[in-house]
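Each chain carries a letter (A, B and C) given by its place in the written order, and its residues are counted from 1.
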Amino acid sequence: MDRKLTKKELLKLVEGLLSDFEVWAPAGNEKVYSFSRIEKPEEISLGYRNTVTSPKNVFFPSGETVYRLMEGRPATGEASEKPKLILGIRPCDARAFLMLDKVFGGDIEDTLYTSKRNKSLLVGIACNEPSSTCFCTSVGGGPFSTDGLDVLMVDLGDGSYLLRGLNGRGNEIISKCGSEADKASLDKAESLDRAAKEKMEISFKPPDSLESSEEYWKKKAMACMDCGICAFVCPTCHCFDLVDEGGCKKRIWDTCTFPLFTIMTSGENPREERRDRIRNRVYHKFSWFRQVHGEIACVGCGRCIASCPAGIDITELVNGNNK
Amino acid sequence: MSAIVDELRKVAAGLLKSGAVKVVIGYENEAAPRPVFLENAEDAEKLVWNDRCFHNLARYLNTTEGKAAIVAKGCDVRAVAGLIREGQVKREDVVIIGVDCAAQTESGEKLGKCLVCDCHRPEIYDHLVEDENALVEPQTDPYGDVSEIEAKPVEERLGYWLGLMERCIRCYACRQVCPLCYCKECVAEQSLPKWLPRSPDGKGNLFFHVMRAHHLAGRCVDCGECERVCPVDIPIRTINRKLIRDISELYGYKAGVELDVVPPLTTFKPDDPEDAFR
Amino acid sequence: MRPTNIFIPTPARVAGIARETPDINTYVFELEGERFDYLPGQFVELSIFGVGEAPFCIASSPTRNGGIECSIKKMGSVTQAAHRLLDGDVVGVRGPYGNHFPLDEMEGKDILFIGGGIGMAPLRPAIQFCIDRKEKYGTILILCGARTPADIVYKGELEEWAGTGDVYVTQTVDPGGETPGWKGRVGLVPKVLEEMRPRTENCCVITCGPPIMIRFTLEALQGLGFHDEKVYTTLEMKMKCGVGKCGRCNIGPLYICKDGPVFSLKQLKEIGAEI
């Protein structure tokens, strides 16, 4: 189903969604956009390129309570919440959730994640203007990819939006708003899609086998400062720690780039060397995840490239010495 | 601009060729400069210099192997001096290639730290790459923003900081990028005893940042790297500069300028104004 | 029904504390509510509420029908807190996690157990399991090493095992660690192993101990002619979630907590694990 909405009609649609869903959307000041829970349609900012942090915090927050201790025992009982709806998610980030679903779902279901993720709805916005660090088309996605989305919105550039329902649930929420999309709008969306793909500055084919020499990774890792930016802004990085704090068990983000991530109480550290940590992160995404789940665990959002304090570019690490 | 780059490359090539240093730490990639570690004289061609050479390369001095030469702006040199002063690096093990720097810019605007910079020419160096045009006067009151926040009532001030700190995702980039944050084990990660929570929330994050600022009191050289790299745009420099100003007012001390002056917080005098120390 | 949160542990009471060495205690935990089935080699995540959670191998055999036992060496924050536990205190237990020693495949064979220090803990349930079903197994050889006689765990049980028919126990301490009256061997585990010259025919090996001991023991075993697929060890890796999601304990694409912790030497070589 394809509907065409004016900006005003879009805001009205959001207003309606707010009563049935917990709506998360990009919002923030001029510098820092992040996915936040919104109460009013006006808080949403769809004009951004991409948020600094990914929307993974909606289902996998940087810190969350696993259980509370009551009289020295874990107290159960989860509050039921409205289903979550992410509005204005980029296609790359939507694909990332399909990957996180594989990690947190599977034989041993992680309900901390799945209880938030189940029944959620993803309303994406196509990327008319990819950033210089974007490379979704190199890793199986695209600026207009619909993978993982229920609705894809396209900013037609004239103050109106094309909303494409991609399944029953998606169609249901958009069926009553705006008007049926005309052919001109559909053509426009198609040409925007083509133009966006042409604008991608980075394009490569991920190699089947990555560089493996110690020397290579040592050199590539030299500038790394062991911070957690790349992993924390990444939509597919999912490492975490469990800590006992403030009378609760909490789950917090963690990352294989932190030197202490793998240190054991005995003092032994299997990834003591920086080269091994960087190698682990890249191999996990471009080799091991692929072996286990059949796809690359990188969606090409480019956040790690844009935010790395040392200017490390994951596409260079993947592509070896040739680039 | 190109004369500066030429000279940089010449100095670097010379140092590598003669074997005076094992590695030259500088910047590569004209469009978006980033750290580079050169071990061969032929690679000196890779060096670049422009107004986006943000990184304080002093960060890498105690993680590189062998004697190193470092390309350093005035602020970076102060961090090198701090490392020397604190015994992290030996003066004779580092060759400082100082570069005159007018300002670093982002989207055409000077960085905040550069507006108040009073060290456009490095104070300590082995080689100086000069740029007379770089020697400009500081433009604004260096502590204007600090005074502004201090003037707020305490509740409001706390609210202001908690609001900002709620964004912190504990990536620890501020700490990792800091040349003076070189502790092998940061109190933020100690488990025996555990000093502060690791789960991110406004109060815990504020605790971390204030703790870090205090550990940097009298040591921070205001290179501004912590604030530059913060992915969620927390004005970390403001906290550090509050302490820089206090240290300056209380002790007349400025970190990273002279190698032979004992920093006030690492020494003791019987007439210390603080009762607790007497 | 909604699946329950996998990170919520089952409360368990401390039902017994045995002092093994100056810094190792064995705790018996009685689960509140339903017991779980497990096999030797599996581990649990033990929560000391308010302090933290850490993985411990289950040190008791399911054939004994008792509580879950864990031998805990006092080292970090969780283990220090564990050493402050008293009878009746409540802890949390999640599990069992990981794979197990292939004791079913080892039926009809001789088994050589080689343990060093606290590394005896994962071997204990397997030894108990085999002794309790002795008719299914051949000769059982146990080589147990420690720094000093005082550092040997399960002292009483070692005597008991040695008194069982067709079970042979060799104890050794590191050179210089022997005390007056020490009746066992003196020498590092790999060296004593070489001197023992165990028969390799129809014999499987299960070993665990500190990394340095494992490295040289595996070398010694290969030197003695044991095939890689007959030698098993259990890996110590930083583990947290226990279910292959938190990302810490991987070696390549494998998660030690889910795909291990038990591996044959053959598998270890295939995944390129550094031993």
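Heads up, the rule we're going with is that a contact is a pair of C-beta atoms (placed from the backbone, for glycine too) under 8 Å apart; a residue touches a chain by one contact, two chains touch by 3 or more.
What you are looking at is a predicted structure, and each value in this text was computed from that prediction instead of being measured.
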item: Innermost chain by mean C-alpha position; value: A
item: Per Cα centroids, the chain farthest from chain C; value: B
item: Chain pair showing more contacts of the two, A-B and B-C; value: A-B
item: Chain A and chain C, separation of their C-alpha mean positions in angstrom; value: 40
item: Distance from chain B to chain A - Cα centre to Cα centre, in angstrom; value: 32
item: CA centroid of chain B to CA centroid of chain C, Å; value: 49
item: Contacts with 2+ other chains: residues of chain C; value: 52, 76
item: Per-residue multi-chain contacts in chain A, two or more chains; value: 241, 243
item: Contacting residues of chain B [partner chain C, same complex]; value: 191-192, 194
item: Chain A - residues contacting chain B, complex; value: 29, 31-32, 34, 52-53, 62-63, 222-223, 225-229, 231-233, 241, 243, 245-246, 250, 252-253, 258, 260, 307, 309-312
item: Chain A-facing residues of chain C, complex; value: 2-9, 11, 47-54, 75-76, 78-79, 90, 92, 210-211, 236-238, 240-241, 243-253, 274
item: Parts of chain C lying in touch with chain B, wherever the complex brings them together; value: 52, 76-77, 80
item: Residues on chain B engaged by chain A in the complex (per definition of touch); value: 29, 32-37, 55, 59-60, 64, 167, 169-173, 175-177, 185, 189, 197-201, 225, 228-229, 231-233
